[in-house]
Amino acid sequence: METQYQQNKSRLDLFRQKVYIIIYGVNTPAGKAFDIGLLVVILLSVFTIMLETVEGIDLIFHKELMLLEWIFMVLFGLEYALRIFVSRKPVKYIFSFYGIIDLLSILPMFVSIFISGSHIFGSLRILRLLRLFRVLKLMEFMQESSKLKVALMASRAKVLVFLYTVMVISVLIGTLMYYIEGPENGFTSIPKSVFYTIVTLTTVGYGDIVPATPVGQFLSMALMVTGYGIIAVPTGIVGVEIARQFSKAATGNDQNIRPSQQDSLNGVVCAHCNREGHRNDAEYCYHCGHSLHI
Amino acid sequence: METQYQQNKSRLDLFRQKVYIIIYGVNTPAGKAFDIGLLVVILLSVFTIMLETVEGIDLIFHKELMLLEWIFMVLFGLEYALRIFVSRKPVKYIFSFYGIIDLLSILPMFVSIFISGSHIFGSLRILRLLRLFRVLKLMEFMQESSKLKVALMASRAKVLVFLYTVMVISVLIGTLMYYIEGPENGFTSIPKSVFYTIVTLTTVGYGDIVPATPVGQFLSMALMVTGYGIIAVPTGIVGVEIARQFSKAATGNDQNIRPSQQDSLNGVVCAHCNREGHRNDAEYCYHCGHSLHI
Amino acid sequence: METQYQQNKSRLDLFRQKVYIIIYGVNTPAGKAFDIGLLVVILLSVFTIMLETVEGIDLIFHKELMLLEWIFMVLFGLEYALRIFVSRKPVKYIFSFYGIIDLLSILPMFVSIFISGSHIFGSLRILRLLRLFRVLKLMEFMQESSKLKVALMASRAKVLVFLYTVMVISVLIGTLMYYIEGPENGFTSIPKSVFYTIVTLTTVGYGDIVPATPVGQFLSMALMVTGYGIIAVPTGIVGVEIARQFSKAATGNDQNIRPSQQDSLNGVVCAHCNREGHRNDAEYCYHCGHSLHI
Amino acid sequence: METQYQQNKSRLDLFRQKVYIIIYGVNTPAGKAFDIGLLVVILLSVFTIMLETVEGIDLIFHKELMLLEWIFMVLFGLEYALRIFVSRKPVKYIFSFYGIIDLLSILPMFVSIFISGSHIFGSLRILRLLRLFRVLKLMEFMQESSKLKVALMASRAKVLVFLYTVMVISVLIGTLMYYIEGPENGFTSIPKSVFYTIVTLTTVGYGDIVPATPVGQFLSMALMVTGYGIIAVPTGIVGVEIARQFSKAATGNDQNIRPSQQDSLNGVVCAHCNREGHRNDAEYCYHCGHSLHI
């Protein structure tokens, strides 16, 4: 019956549906090919923008780069038009997050055709980089990616508390460094001293400012060793979360990390008191003592 | 009866009690709002002090920054007065750690009204940064924070032993570097060489001093790779401790990390079949179904 | 019978077989000695090439280094000839990965005897470094090495997803830094800004370019702290995998990390009591004592 | 009988024994006090040597520092004499590792009394730093320290394999960088390029040499991200080992990490086939099917 309904549809609708599956679908071969193609074009387009800012390259290959820009614009414009055309709710797409990004990434080029203010157009072209978010979105379909995301989300609160503490300590020690070293040694203001402190604590170590007084050097050494020691904290937090996510994935349960949750997964709910969270090898309910095998 | 006693209290006492709950309480909406407001004001006040040291900003916005300083001082002064007023043991608060910090953070501004030695006042104003400790204290009410603290405390001894070993090795290798490189290559003294060694071992790497002799470069490379390798030690220590803290939180016990210890804590051994390993809240044996409370 | 066949073999064949065991074998004392000797000669040869590029050393010891070069070439040439001579399928060896590397590492020296274009010969001699791959291959026989390799392979997909996300974020923030700081502060192009971003995010921190504007410094600080925080992600991923590999090695199975998967692999479910979770080498059910092989 | 024998001993012997317990003992209060006192004196002595190399301090406080030197020398000399005096096997102590270090740390000062070649004496005085090894030895009595040592020892082989691979890769990429960047960009020789590679891979990042060509910059970025990614490997290795050491300590067994070993601890050995490594809740031998409860 549904097939009959399909056959009655106009040819345009059929084409629209086919394109829809290609553009929005992720499981069909055509949908995957489109996604990978889009990903490649976005990355190439970003690479082109990057090259344009390299003076030597822009001088020699200016025309070629411009040509590429227009090719990418046409491709993105075509994609934008198709997305609106095949979408069942075009307005919703247009005002969605990705709809606005897609528009913003082609608008500056189109506007530059009619208005010859190439200066504004130049600095707005960079909006195309926002399309990289679409690349990140495409990655979400990978299972690994979503699990990492869950792990990071789960450890977010702990990591934030840690980073906040790091910030407060950095301000305190940065101020101290400002009064110890002073502007004559490069610590010209407290914000700059805090910058130095964070550069040191995170073991980045630019070396643009370096303590010159013995006290400042001693404090810096303490800071480095501290930074070296407390890098373990976010590692520990995220590591535990990742272990939980991926061991859950590997076994269909997460017995070794969170026993109770895993038990409920294999359906062990006491028929008498509806309790969950029994041991895997439990034969009787831990709460009411009824057999779990009835 | 207690309610009656409350009604008999004077209006002032009622007000005092209300303010007490706001200032010292953490569970009521008003208490939480006060804490967050205080946190914001402290951070803004710290930010103001930081901006004052930036020469460009201080020249243009000197008056505005001064005005902000006085607003913060009035707010902190008001808070200090209220804390003394509502506290049941005002003297105890005044001489407590946070009482002294609160006083120190407003004193320099008040003194500067009467004594026109703005120079001393300027460098003492920085004492207000001590209020950041209150920010850290506010964070302690967050559950995540206290668990991280416990994890860090538990691994303290091990991390200290590790850091002490790192220090001793740094002094030995730093001295070696001093004799290998010598003052002509920037290693002007042993303390500076030790500074270089710690900068390298912790992978900070300022680059203000760099080994110039082949032997020095070889030793430095060994040092870097060592630092890279032993960063694992604090990570391992703290990671294990964090895993223990948070898996304990997730399951209501810490079965998966220290099974036997947790079991022995509530002594749950089935009287009928001698099984161990019951849930903390188990009332019946998971194996034979006998009550655990006989 | 086989022994008789051996005795009938010619002396040359016996010699060939002996050499074959020495060169290709890894379990006999002679084979091990050959492997270690080869490893030492390769490392010495690499060290010689490195020294030749140090101007001071090359000027003084040019003749000695040249002599060493010829000694290594004769040794490698001898090894190459022997490998072809004793191999049962010489052609297969010659066109194998290591066969080509072995040839490439001696060819430039031999060619330089007949053709006196020492310039080309000089820069091709470096091909001998490819022999370091043989060193890595020798290491594969160590059990530790292969387990680490398995752990890295298993976590490859996750680490790649992570690194890809890091790359996308680096391009976005690098471009932002280019527009914030501009060419006047050293951020001369987007690729260079992305270079700066990755240098900062990975906590390398060369310090050749450093942000000069307050906004750029603030963004950089956020970047450092982020890099400090997310270094935990690959650590967590690989750590979990290593824990799995080496605990599997310690117990003969990987029961504690992935119990059900390991069990399901050999399909061991007791036919009598339907229990799962038997040891890999179990022959009887741990619960009811029935044989698992019926 | 033994007590009687003690009473018959001369007063000197009694004194000798008392001093022996103080110097060599670690469990008595006096022994502990001596150890801590020795530790403090060694650290102060090292600190004095360090200060002497700081030009500004040495010029002003030369006499005071010299005085301190002589005090430390007398103390160390006294300690050395006492150790020989009370030791039951003085010759064994004198030629032991610590005996030679103790002698070397005082010899240069004593020699300088008789021979007025203060130049030689100056550079040999540094031998006193060897006494820091005694500090490390004192730390070994701490339980934490010995467990960390065991964990590091257990993961030694794996970490070495990892570091060796890092080294080989560094030489390969370092050579590549030398040919890509060349001497004009600071990569003056292969050893220096390898130095740069290791500085980058370990995220130290001095910034004394920085790639200038696009290809070199791209390779460096790959190197940084690789370094960032593979720092996880030693962390994973050591982390697993530390988790094993300290969970073993906490529970008296290491059930969750190495099940089979823990099972043998609680005595589960099959009476029929002597197999170990049964599940904790096993009732029948996995190998021969006999009941484990007989």
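Order of writing sets the labels: A, B, C and D. Residues in every chain begin at 1.
The rule we apply is simple: contacts are C-beta pairs under 8 Å (C-beta built on N, C-alpha and C of every residue); 3 or more make two chains touch, one makes a residue touch a chain.
Predicted model, so just to flag it, every value in this text is computed and none were measured.
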{"item": "Chain pair equivalent in interface to A-C, over half of contacts matched, among A-D, B-C or A-B", "value": "A-B"}
{"item": "Relative to subunit B, chain with the most remote C-alpha centre", "value": "C"}
{"item": "Averaged-CA centre spacing for the pair subunit D and subunit C, given as whole angstrom", "value": "29"}
{"item": "Centre-to-centre distance between subunit D and subunit A (centres being mean Cα positions), rounded to whole Å", "value": "42"}
{"item": "Multi-partner residues of subunit A (each touching 2 or more other chains)", "value": "54, 162, 191, 194, 203-207, 214, 227, 231, 235-237, 239-240, 243, 256, 281"}
{"item": "Touch-based graph of the chains, sorted into line, ring, star, complete or other", "value": "complete"}
{"item": "Complex contact set, residues of subunit B against subunit C", "value": "54, 203-207, 214, 235, 239"}
{"item": "For the subunit A and subunit B complex, residues of the former touching the latter", "value": "157-158, 161-162, 164-165, 168, 171-172, 175, 178-179, 188-191, 194, 200, 203-207, 210, 214, 217, 220-221, 224-225, 227-233, 235-237, 239-240, 243, 256-260, 277-279, 281-291"}
{"item": "Interface residues, subunit B side, partner subunit A - complex", "value": "46, 49-51, 53-55, 123, 126, 129, 132, 135-136, 139, 142, 144-145, 147-148, 151-152, 159, 162-163, 166-167, 191-192, 194-195, 198-199, 201-208, 231, 234-243, 246-247, 250-252, 255-256, 277-279, 281-291"}
